[in-house]
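You will see two complexes here that share chain A, one where it goes with chain B and one where it goes with chain C.
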Partner chain A sequence: MYNSYPLIIILVLFISAFAIPLFKSIKMARIIGISAAGISLVLSILTLIGVKANGAYYFRVGHFDAPWGIEFHIGIIEGLMGVLFMTVSMAVLWFSIYSIDHDLSKKKVPLFYTLVNLLVGSLLGIVFSDDLFNCFVFIEISSIASCGIVVVKDKKENIKAALKYLILSSLGSGLVLMGIALVYSLTGHLNMAHIHEALVSIYPEHSRNMLIAIGLFTVGLGVKSAMFPLHTWLPDAHTYAPASSSALLSALVLKAYVILYIKIIHRVFGMSIVGDLPVLNIVLLLGAVGMIAGSVLAILQKNLKRMVAYSSVAQMGYVFFGIGLGTTMGLAAAIFQIFNHAFTKSALFLSAGSILEKTGKKNISDLKGIGKEMPFTMAIFTIGGMSLVGIPLLSGFNSKWNFAVAVIEAHRVELLAVVLISSLLNALYYFPVIINGYFGEESLEGKVYRNTERPLKELLPIIVLVLGVIYFGVSGGGLLSLIEAGIPALN
Partner chain B sequence: MGHLITNYYETGAIILFGVGFVTLLAHGNLIKKIIGMNIMDTAVFLFFIAKGYISGSEAPIIRSVKSATGYINPVPTALMLTGIVVAVSITAFALALTIRVYEKYGTVDLNEIIKMGGE
Partner chain C sequence: MNNIQREAERSDILTEVGKLIIPFIQVFAVYVIFNGHLSPGGGFAGGTILGASMILHRLIFGWDNLISRLTYERVMKWMCASLLIYGALKGYSFLTGGMHWEVWDIPLGTPGKLLSGGFILPLNIAVGIIVSITVYVFFKLFYEGTI
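Moving on, here comes the complex of A and B:
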C-alpha cells in the first residue's frame, strides 16, 4: 500500500512546483505550495510507519527490474529523513506566510514557493533514489533551486552570494559526476546494489581506481555539504538569503548530500572496501577540524546571521566526525545529529531572521536588550543556542552524548577532547548574545517591553520546531534506537 | 606510460578535466569560470562516451537484427544526453546571474567584487 508513496511525494512536490506559476496570485501559490507539502508530510509519515513494521524495500520506478530500470530504496533511515524534511519544510513554509513579503517583491513571492517545492522534492529524490545517475540529476536540480531561493531576494549581496554558491556547487557536482563515471567504467552499473556486488568481486585489483572514485565523491559532496575547508560559499549564501531560505538551506540542503555520502560509503562501496582505504580517517580529521574551526570562525563574527551560519560549519563537522568514526554507533550519532541540527538550526535562523526583520539590526553588538523588546523570539533563540551548546534536556545534549559514547566504543578516547572543546566554543558565541539580550542594566534601559515582538501566532511555526528540539532532548532514546534499527538496511 | 597512450580518450578526458578545474578555481573573471565549468563537464562527457564505445561496432540503431555485440553500449550516450541538458541549464543560470552581477557591481571580476565587499 505505502510502496509507491515516496514516488508520489516527489511527483506531488514537482507538479505543484510547476503549477504555482500558472496562477500568478500569491494566495494560490501559498495554498498550492503548502497543501502539497502537507500531503507529502502525511505520505512520508505513512511510509515511515509502513517501513517500520515491514522493513526496507525496493520500489521499481516504471516497473523495470533493477539493472535496467531506476529503483528507490526505502528503509527506516530514508523514511525518517522523509518525515524530517517534510516537517521542517512545512514549518518553514508556514513561517514564510508571515515573513517572506518583507524580503521579496510581490512578483517574486510565487516564485519562492515554486523553488521551495522543487528544492524539497529534489532533496527527497536524492535521499530515496538507489541509482547514482538519478541522484546526480536530482543534485543538479537541487543546486539550481537552492541558488534560486538565495537570489530570489533581489539584492546586490544575494546575487554575489548565489553566484559564488552556484560556481562552487557545480564544481562539486562535476566531481561527483566524474566519480560516477569512474564507478560506471569499473562496474558497468549505476544501481547501487549492483555496483556494490561488482565492486566487491573486483576489489583487490582495482583498489586505486576505487580510492580515486571515493575521493571524488568525498570532495564533491563535501563542497556541497560544507565539509570544513570547502565551506567558503556557505556563510555568504546563508547570511544574505531571506530567513525562510536560510532555514531551509542549512536544515535540509546540507543534509541531503550527507545522506547521499553515507549511502555511497555504505551501500555502494561497503565498509569492507572503505575500511581498507584511508578515506574515513581523512573525513574524521576534517570533521574534527571543522567542529573547532567552524566555532572559532563563528566567535569572530559580528553579524548575527553570519555567526549562526558559521555555526552550521561546526555542526556539519560533527556529522562528518560521526561518519569518519566508521562504527555503527558513530553513524547513528551522525544521523541523530542531522535531526538535531535540522530542528535547532532552522529555529535559530527563523528567530534570527525575525530579529533582523523587526529591528533592522544585524550586528550582535546592536542587539543588547533585545530580550526585553522581543522576549519570545529571543527565548526561542536561547533554546536553540543552548541546544547546540549541549545543555541537558535539549536535543543537542543527546547528540553530543551519542558522539561521546561512539568515541568511547571506537576506543578513540582522545577524540572526546574534540567533542568537549567544540561544545565549550559553542557556548562562547551563543551565550554572549543571550546574556546581552536579557541582562545588563544599561542595555535594558529605554527598551519597551515587547516593543517589536511578533504576534504569538506568527511565532507558532518556530515554536513547533523548538518543541521538536525539546522532544528529542527529553526522549532521544526512541529516535536513536529507531536509527540503529535502520542502519543494517543501509548496507 | 604505455597505458596513457593506448587509453588516449581517457587521458585526454582527464587532462581536459584538470584544465577545466583549474580555470574554474584560479580565474577571477566570472565568464572564464563558467567556461572552465563547461570544459570540466565536457571532459566527463568524453570520458563517459569513450567508456561506451566498442571499437568496430555500430551505433545502436537497429535496422536488421544483429547480435548484441555488433553495437556500442548505448547507456553512456543516453546518460550524457541528460548530462548535456543539465550542464546547459546550469550554464544559462550562471550567465544570467553574471549579467545581474555586472548590472549591480559594474564588473565581472569576482576578486574585485569581493574587494568591494560592502554589507
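Moving on, here comes the complex of A and C:
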C-alpha cells in the first residue's frame, strides 16, 4: 500500500496549492497549507519505513508501462529526502505563521502558501521521478515557484533579485533540456533505467556526445544548485526574500537539483561511463574552490543574511566535493551534508530573519550586544554557526568527519587540507557575530535583557530544527549507515 | 493615458464588425474544446481562441461592458476550480492506474461520438478554461499594467 504514497504526496501538495486561492481568508490558507504538509510528512515517513523494510521499488504512474509511461523510483535515499523536505518545510510553514505577516501585505499571504506548496510538491517530484522529461517539467514548476516566493514581498530589490534568479535559472533549465534532448536523440528513451541500458551499449562510439550531455547537465543543474562560479543569483535572492522563503530556498530548493544530478550521474550514465570522463574531477575542483571561495566571500559581507547566503555557496561546495570524489563514501558524505545543511541553514536563516524583523538591523556591525536583547534567538544562531564550523556533538562536525574519512579512503589525502581550511574559514565569519553578540563590555552597554526577544512559542519551530542538528550530531551514525544502505539502489 | 485616448477613438466600423465576429469566434472556441478528442485541437487550442475573443471584446468595447464583470478575483476562482477538477480527475486516473485497481472509470462511450474518450473531454474543458483565463490575464497585465 505504501508504494503509492509518493504520488499521493505530490497530488496532495499540488491540489491543496490551488485550493488555497479559492478561500480569501489567511486563516484558511494556513489551515489548508499546513494540513497538506502534515499529511505529506506522515505519508513520507510511512514511505521511508516501507522502503527500509522492503527495499527500493518502481511505481508506475498512470496506465502505461515503463518505456512509454512515467515511473517513480523510490529507494532509501528518495525516502529520506521526502522526510527531510517535509520536516523542514513543516517547520518553516509553522514559523511563517508568526512572521510572514511582517514581510508581506495581507493580500499576498495566501499566495505565499500556494507557492510554497507548489514548490515543495515540485521538488519532491524531481526527487521521486525516474523520467528525465518529467523531472524537467518539475524543474520548471519549481523555478517559477521559487522565484515567486522571492518576489512575493513587493519591494524594489526583491523584483531585481527575482529577475536575476529567473533569468539564470531559466538558463539552467534550458541547458538541462538540451542535455535531455541530446540523451534522447542518442538512446530514444526518457526513462532513466532504459537510458542507462542503451547508453552502456553505445558508449564507445558516442563518448564525445555523452561528454557534451553530461556537461550540459552539470552546468544546468550547477546554476540551479549554486555550484561555485555559477552562484551569482543566490546571494541577492536569499538576502532580500522573506525569512521563511530564504530558509526554504537554501534548505530545499538547492538540494533537489543536487539529488537529480546524483541520479543523472549514477542512474542515467552510471559510474562505468562517468568514471571514464573528466567530469567528476571538474566537479571536485569546483566544489573545493567553492568551499573556500564561498567562505572568503562570506567573510567580506557586511549584511548578516547576505553572509549566511554566501555560506550556503560554501556548504554546497562540500556537496559537490563529495559527489566529485566519485566513491561510495564520498557520495554518502555528500548526502549527509545535504541533511546537515538543510537543518542548519534553515535554522540560521530563520533566526537571522527574526533578528532582522525584530530589530530592523541588517548589518553585522549594528548587531553588537544582540545576545542580551535576543538571547534565545542568538543561541539558536550560535548552535547553527557552530555546527557549520564543525564543533563536535553538532551535525556539521559529523559531516566534516565523513568528508575527511571519504578523502582518506579515496587516497587523496591532500584534499583534507581543503576541508580543514574551509572549516577554519567558517569560524572566521560566524564567531565574530556570536562573540560581539554575547560579550564585550561596551557592546552590552545600554542593552535591556530580552528587550526585543520573540516569545518562546514563536521560536519553537526553529528549536525543532536545532534539535535535528543536535540529533544528527550526537547519533549521526544511524543516518550515515542508512544512506550507505540506500546508495546501491541508486545505481 | 494612452489607452484611454485610444478608447475614445473607437470607430463604428470596429464596433459593428466586432459584434458580428466575436460570437462566431466564441462558438468556434467551444467547438474546438469539445471536439479535442475527435479532431485536431483541444483544450489548449480552444482556450487560446476563447482568450483571443475575450481580448478582442476588451479592445473593441472597452471596460464598460460585459467583460468588466470578469474581475481578477472571479477569473482566479474559475481558474483554481478548473485546476482542482483537473488535478482530482488526473490524480484519480494516475492512482488507479498505478495501483492496478479495477475501479470505476468515466465510461468510454462509442468512438467518434461527442461523449466518448473517457477522461479526455472533461480534462479538455478544464484546460480550455485555464488557458483562456491565462491568456486574458496576461493581456490585461501588459495592456493596463495591473491585474
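The rule we apply is simple: the second predicted complex is superposed on the first by the 490 of 491 C-alpha atoms of A that agree within 3 Å, B and C clash if a C-alpha of one lies under 4 Å from a C-alpha of the other, contacts with A are read in each partner's own complex, and residues count from 1 in each chain.
Here, a residue touches a chain if its C-beta (ideal position, glycine included) is under 8 Å from a C-beta of that chain, and two chains touch if they have at least 3 such contacts.
As the structure is a computational prediction, the values presented were derived from the model and not from experiment.
Peer 1: Judging by the criteria at the top, classify the pair chain B and chain C on chain A as clash or fit.
Peer 2: fit
Peer 1: Is A:L277 touching anything from chain B or chain C once the two structures are fitted on A? First, second, both or neither.
Peer 2: After superposing on A, A:L277 lies clear of both chain B and chain C.
Peer 1: Identify the partner contact of A:S4: answer first if only chain B is touched, second if only chain C is, both if each is, neither if none is.
Peer 2: second
Peer 1: Specify the partner with more touching residues on chain A, choosing between chain B and chain C.
Peer 2: B
Peer 1: So, A:Y184: does it touch chain B (first), chain C (second), both, or neither?
Peer 2: first
Peer 1: Taking the superposition on A as described, I'd like to know which of chain B and chain C A:F18 touches: first, second, both or neither.
Peer 2: In the superposition, A:F18 touches chain C alone.
Peer 1: Output check: A:V137 vs chain B and chain C. Expected answer is one of first, second, both, neither. What do you get?
Peer 2: A:V137 sits against chain B, while chain C stays out of touch.
Peer 1: Can you report the vertex angle at chain A, computed from the C-alpha centres of the three chains with chain B and chain C as the arms, to the nearest 10 degrees?
Peer 2: 40
Peer 1: Figure out whether A:K156 sits in contact with chain B (first) or chain C (second), or with both, or with neither.
Peer 2: first
Peer 1: Look across chain B and chain C in the superposition and give the shortest C-alpha distance you find, in Å.
Peer 2: 7
Peer 1: Need the overlap of the two footprints on chain A, from chain B and from chain C, as residue ranges.
Peer 2: none
Peer 1: Using the touch definition up top, name the residues of chain A that touch chain B in the complex.
Peer 2: On the chain A side, the touching residues are 133, 136-137, 140, 143-144, 147, 151, 156-157, 159-160, 162-164, 166-167, 170-171, 174, 177-178, 181, 184-185, 190, 303, 362.
Peer 1: Please output the residues of chain A touching chain C within their complex, sorted ascending.
Peer 2: Listed in rising order, the residues are 4, 7-8, 11, 14-15, 18-19, 21-22, 59-64.
Peer 1: Which part of chain B faces chain A closely enough to touch in the complex?
Peer 2: By the definition above, chain B touches chain A via 17, 20-21, 24-25, 30, 33-34, 37, 40-41, 43-44, 47-48, 51, 75-76, 79, 82-83, 86, 89-90, 93-94, 97-98, 100-101, 104-105, 110, 113-114, 118-119.
Peer 1: Can you list the residues on chain C that touch chain A in the complex?
Peer 2: Chain C reaches chain A through residues 76-77, 80-81, 83-84, 87-88, 91, 93-95, 97-99.
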